[in-house]
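In the two assemblies presented below, subunit A is common to both, partnered first by subunit B and then by subunit C.
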Partner chain A sequence: MLFTSYLFIGFVLLTLLLYYSFPKRFQWMILLAASMVFYAYSGWSNLIYIAVTIVSTYFATIQIGKLQNKTEIYIKEHKQELSREERKAYKGTMKKKQRILMVTCLLFNLGILAVMKYTNFTIDNINKIAEMFQKGTISFFDIALPLGISFYTFQTMSYLIDVYRAKHPPENNIFRLALFTSFFPQIIQGPISRFEDLSQTLYGPHDRDRRQIMFGLQRILWGFFKKLVIADRLVIAVNSIINNTDSYDGIYVFLLMILYSIELYADFTGGIDITIGIAQMFGISVRENFERPYFSKSIVEFWRRWHITMGTWFKDYIFYPISVSQPMLKLSKNSRKVLGDALGKRVPVYFATFVTWFATGIWHGASWNFIVWGLLNCLVIIVSQEFTPFYEWFHKHFPYGNTTWYKAFQIMRTFLLMSAIRVLDCYRNVGLTFKMVGTIFTKWNLMDLLQTGWSSLGLTIADYILLFAAVLLVFAVSMLQRSGSVREKIERKGPFAAYMIFLLLFLCILVFGAYGTGYDSNQFIYNQF
Partner chain B sequence: MKKLIRIILMILIAVGLFFGVQQLLMPKYKSEILEGSMIAEYYQEDVKDHDVMFISDCEVYENFSPITLWEDYGITSYIRGSAQQLIWQSYYLLEDTLKYEKPKIFVFDVLGMQYGEPQSESYNRMSLDGMRWSSVKINAIKASMLPDEQMITYLFPLLRYHSRWNELTMEDLKYIFVRDTRTFNGYLMQAGVKPVTNVPSGRVLSDYQFDDICYEYLDKMIALCKENDIIPVLVKAPSLYPYWYEEWDKQMTDYANENQLLYINFLDVAEETGIDYTTDTYDMGLHLNVYGAEKLSAYFGKILQDTYGLTDHREDSNYQDIWQEKVDAYYAEKARLIALEEAKQ
Partner chain C sequence: MNELLEILQDLHPEIDYDTHTQLVTGKVFDSFDIVTIIAEVNDTFDVTIPAEEIVEKNFDSAKALYALITRLMDED
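After this line comes the complex of A and B, so read on.
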């Protein structure tokens, strides 16, 4: 069920109506039922996969919780009799049992994700090697990826690990856990919520708060504006360039870099706006996933502000655990001996960074372009880190760091760098991507683009003007956001003015949206991850 | 109270803006693809009182002239047709028409039997968008939609036509709320001449049997006519193409005999009608031009009058002024089109 389909809009309205019509104690059950209907719409068989993940996570966390309680009670009851060492030993034994449960469940659910998402990728690579040695090939599996599997697997993994880490107790009601796992607005493209955050508001009860519903609706409209007016219009030009590599190289690849970055931003943030807006209408707070990422002055800052919930997930559940693991501490010790303190202490950090970015890349998609994309991000981060002394020296001798121009340069540099790396996402072929990006420097066809090329990309002059105006509006709203909520600012202008602003926004979406006949309505880009 | 007024005002603004924008963006079909505006034109008729109602596709709206029927026999008639109008659309248009009047005779062109399933979204639009809202229109839409079409886009055509924002012309502003008529009681006049040079023979079909759904709707049309004391007449216009197969003709002849209906295949009597395919068609035999339509209408009018004894209204003061106005407009347009054609040569 596409977010941009009439069916989905009707589905949300109906759910909302039921949600606030029934007694409050039933609210979360209505959401669960709606989430199941939403999920089943993608295929009944898909329900099996998510159900298996829910059930396995539920039983593992309940057992972990029982072991934790047992430990606590035992220690409490035998506090006087046990020495400190005995208490520690008992805790260690119990923790080991919990770890076995946690790791088993983790591997089981990761295994489902791996089989579903990476089997054909693995077969493809084996086949390529087999072809090199002129051996036979393996047939691909005919399996369809269950809806949102990457997102709900990660969400349940974080829940499982957090229960193991005793950050919060396990949820005793399997149906409530099922709602956390399958909450329909966020299942297909995130944000990747944490149980301790989402559970605060997910289960209600919620009064019908007109202001919250209006704010949610406004956020949804803004999301639709970005998705339908900008992203789904830009995709026409983006696809034209990607699908005609013979005709569109050189400056067109540079144009692709820029356009795809804008498209991805409008698409993904638009989708998240819709998600957060829907949740808000139900009185539920979902974590923000973006913080004006294109205003970032470095790639590290960019990743703190882009797809925040994914970034923190990898940081909390991959980067930190690896960094402080026993083998890494050992590596740190050894590398300090060999490379000296300064460089040696960075080796385990870089190793953890490498693993994290490799995982980030492959999480985005089962193909080499995503892996290379992740590793290029890793490379840029490590190089930036290594250049830190140089930057410090530079800023000391050339104190322009705080000037507006230098900040603008940093923002532009980060944007271009991220855009260049993202071209891997466009061509989906590592060799072709490097070849095409190379033509930016070897093929000089700017005049071709300016004279006739721009009009051959499937957009009219009116489309370009509209896109320019729409992007300008998004930029202006982002600037306004820096000093607080734009919706609250509009609200302060009075109900009539606010109404007119959002009414015009609604009409703009209806008129200028790239949907319906003549347009190939697109899935959200992040749905595929 | 103040709050209530404010809410009502807000709703009115929203509805007004929505429908204003929708009206602006909907195609007007006034300078090109005139077929798109024809279904809606019927509702602009001041007096909806016709002896004969033609409901079909281009086989009727390009080949029969109600003005000739009036001038020669005093028969009042109207054509409710649009391009590639499917048989179920014709059925629902008949239902729709019966809400306004009860004609004595209903004429249906049997070429409409050739399509057993929806063909094209744009033709659907031309047949359905112009219909006034009622349960009949909803049924017509349901019957006509292609798999990828959605009812909501018919309910709110803005959702379909929004992308016209960059194609708007002065015509869209001019006709935003007011529409004039382009046809003469549903007849779309053409004055060009493009003679028939050869008649392509029909390609061999794997199955000549008309689809069951077409028979179902034909039965429904006949039943509806009987319920309302209307005489149904089946015709096949003398268009040379699309090819009218003997097998099709036999099915229609049998059907007419079984149901005791008048069925006239004008292709069989083309010579008697006086149609000359070197001068009376504007597109090499697909449709007649105004000269051909006048000849065919004169011929058909006589059959209608002789067979059904329709009243001659020419001396009836209730009709005279209305029809004189139509006749004047008809000849003015005919003269304009002829002048245009001459200028082309």
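After this line comes the complex of A and C, so read on.
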């Protein structure tokens, strides 16, 4: 059910109506029922996969919780009799049992994700090797990827690990856990919520708060604007360039870099605006996933501000556990002995960074272009880390770091670097991507683009003007956001001004949204992950 | 505490660790710094800071970090 379809809008309105009509204690059950309907709409069989993940996570966490309680009670009751060493040994034994449960459940659910998402990728690679040795090939599996499997698997994994870490107790009601796992606005493209955050508001009860509903609606409209007016219009030019590699090289690839970055931003942040807006209408707070990422001055900062919930997930559950594990601490000691203090201590951090970015790449998709994309991000981060002393020296001798021009240069540099790496996402083929990016430096066809090329990409002059105005509006809103919520600012102008502004936005979506002949309302880019 | 301050000074000599209370939330420390601190603490104090203890409140000030180290040493 596409977020931008009439069916989905009707579905949300009906759910909202039921949600606020029934007694408050039933609100979360209505959300669960709606989430199940939403999910079943993608295919009945998909329900089996998500149900298996919910049930396995539920039983594992309940058992872990029981073991934690048992440990606590036993230690309390035998405090006097047990020596410190005995207490430690008992805790160790119990923790080991919990770890076995946690790891088993983790591998089980990751196994489902791996089989569903990576089987054909593995077969494809085996076949390529087999072809090299002129051996027979294996047939591909006919598997449809269950909706949102990467997102809900990661969400339940964080829940499981947090229970194991005793960050919060397990949820005793399996249906409440099912709602956390399947909450329909966020299941297909995130944000990847943590139980300790989402559970604060997910289960209600919620009064019908007119202001929150209005704010939610406004956020949804803004999301629709970005998706339908910008992303779904830009995708036409983007696809024209991607699908015609013979005609569109050189400056067109540079144009693709810029247009795709804007499209992805409008598409992904638009989708998240719709998600957060819908949740807000139900009185539920969902974590923000973006913090004006294109204003970042370095790639490290960019990743703190883009797809935040995914970044923090990988940091908390992969990067840190690897970095501070005993083997890594041992590696740190040994590498310092061999390579010296300065370089040696960075070896384990870089190793963990490599693993994290490899995992981030492959999470995005079962293909080499995503893996290379992840590793290129890793490379840029490590190189910039290694260049830190040079930057410090530079800023000491050339103190322009705080000037507006230098900051603008840093922002532009980060944007172009991220955009260049992202071209891998466009061509979906590593060799082709490098070849096409290479033509930016070898083929000089700027005049071709300026004279006739721009009009051959499927957009009219009116489309370009509209896109320019819309992007300018998004930029202006981003600038305004720096000093606080734009919706609150509009609210302070009074109800009439607020209604007029959002009526105008609504009309803009109706009039300028990319519909009709030649346009298709497209699936959100992040739905495929 | 002095040993810990030495570790932290090595990383960011420009910071006054007696008064700064937003080392993580104020984005002074990034994830690379945190991992470096953990490795140094492991060397100096012979204590392992587990991943679940890597939360803002434990790393936002030198005092909080020292309290964490002391607690983990006691638990050992």
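General observations
Convention: the second predicted complex is superposed on the first by the 527 of 529 C-alpha atoms of A that agree within 3 Å, B and C clash if a C-alpha of one lies under 4 Å from a C-alpha of the other, contacts with A are read in each partner's own complex, and residues count from 1 in each chain.
To be clear about the criterion, a contact is a pair of C-beta atoms (placed from the backbone, for glycine too) under 8 Å apart; a residue touches a chain by one contact, two chains touch by 3 or more.
It should be emphasised that the depicted structure is a prediction, and the values quoted were computed from it without experimental measurement.
After superposition onto subunit A, the partners subunit B and subunit C occupy separate space and fit alongside each other.
The vertex angle at subunit A, taken between the C-alpha centres of subunit B and subunit C once both structures are aligned on chain A, is 160 degrees to the nearest 10. Look at A:Tyr320: by the touch rule set out above, it reaches subunit C but stays clear of subunit B. Looking at the shared chain after the overlay, A:Leu507 reaches subunit B, while subunit C stays out of its contact range. Of the two partner chains, neither subunit B nor subunit C is touched by A:Phe441. In the overlay built on the shared chain, the residue A:Ala352 is in contact with subunit C alone; subunit B does not reach it.
Look at A:Ser332: by the touch rule set out above, it reaches subunit C but stays clear of subunit B. Once chain A of one complex is fitted onto chain A of the other, the partner contacts of A:Asp463 are limited to subunit B, with no touch recorded for subunit C.
In the superposition on chain A, contact of A:Phe496 is made with subunit B only, not with subunit C.
Superposed on chain A, the gap between subunit B and subunit C at their nearest CA atoms measures out to 44 angstrom in whole units. The residues of subunit C lying in touch with subunit A in their complex are 27, 30-32, 34-36, 38-40, 42-43, 48-52, 54. For subunit B in complex with subunit A, the residues that touch the partner chain are 6, 10, 13-14, 17-18, 21, 25, 121, 150, 152-153, 158-160, 162-163, 165-166. Contact residues on subunit A toward subunit B in their complex (touch as defined above): 6, 460, 462-463, 466, 495-496, 499-500, 503, 507, 510-519.
Here subunit A touches subunit C in the complex through residues 165-167, 300, 304, 315-316, 319-321, 323-324, 326, 329, 332-333, 345-346, 348-349, 352, 385, going by the rule given at the top.
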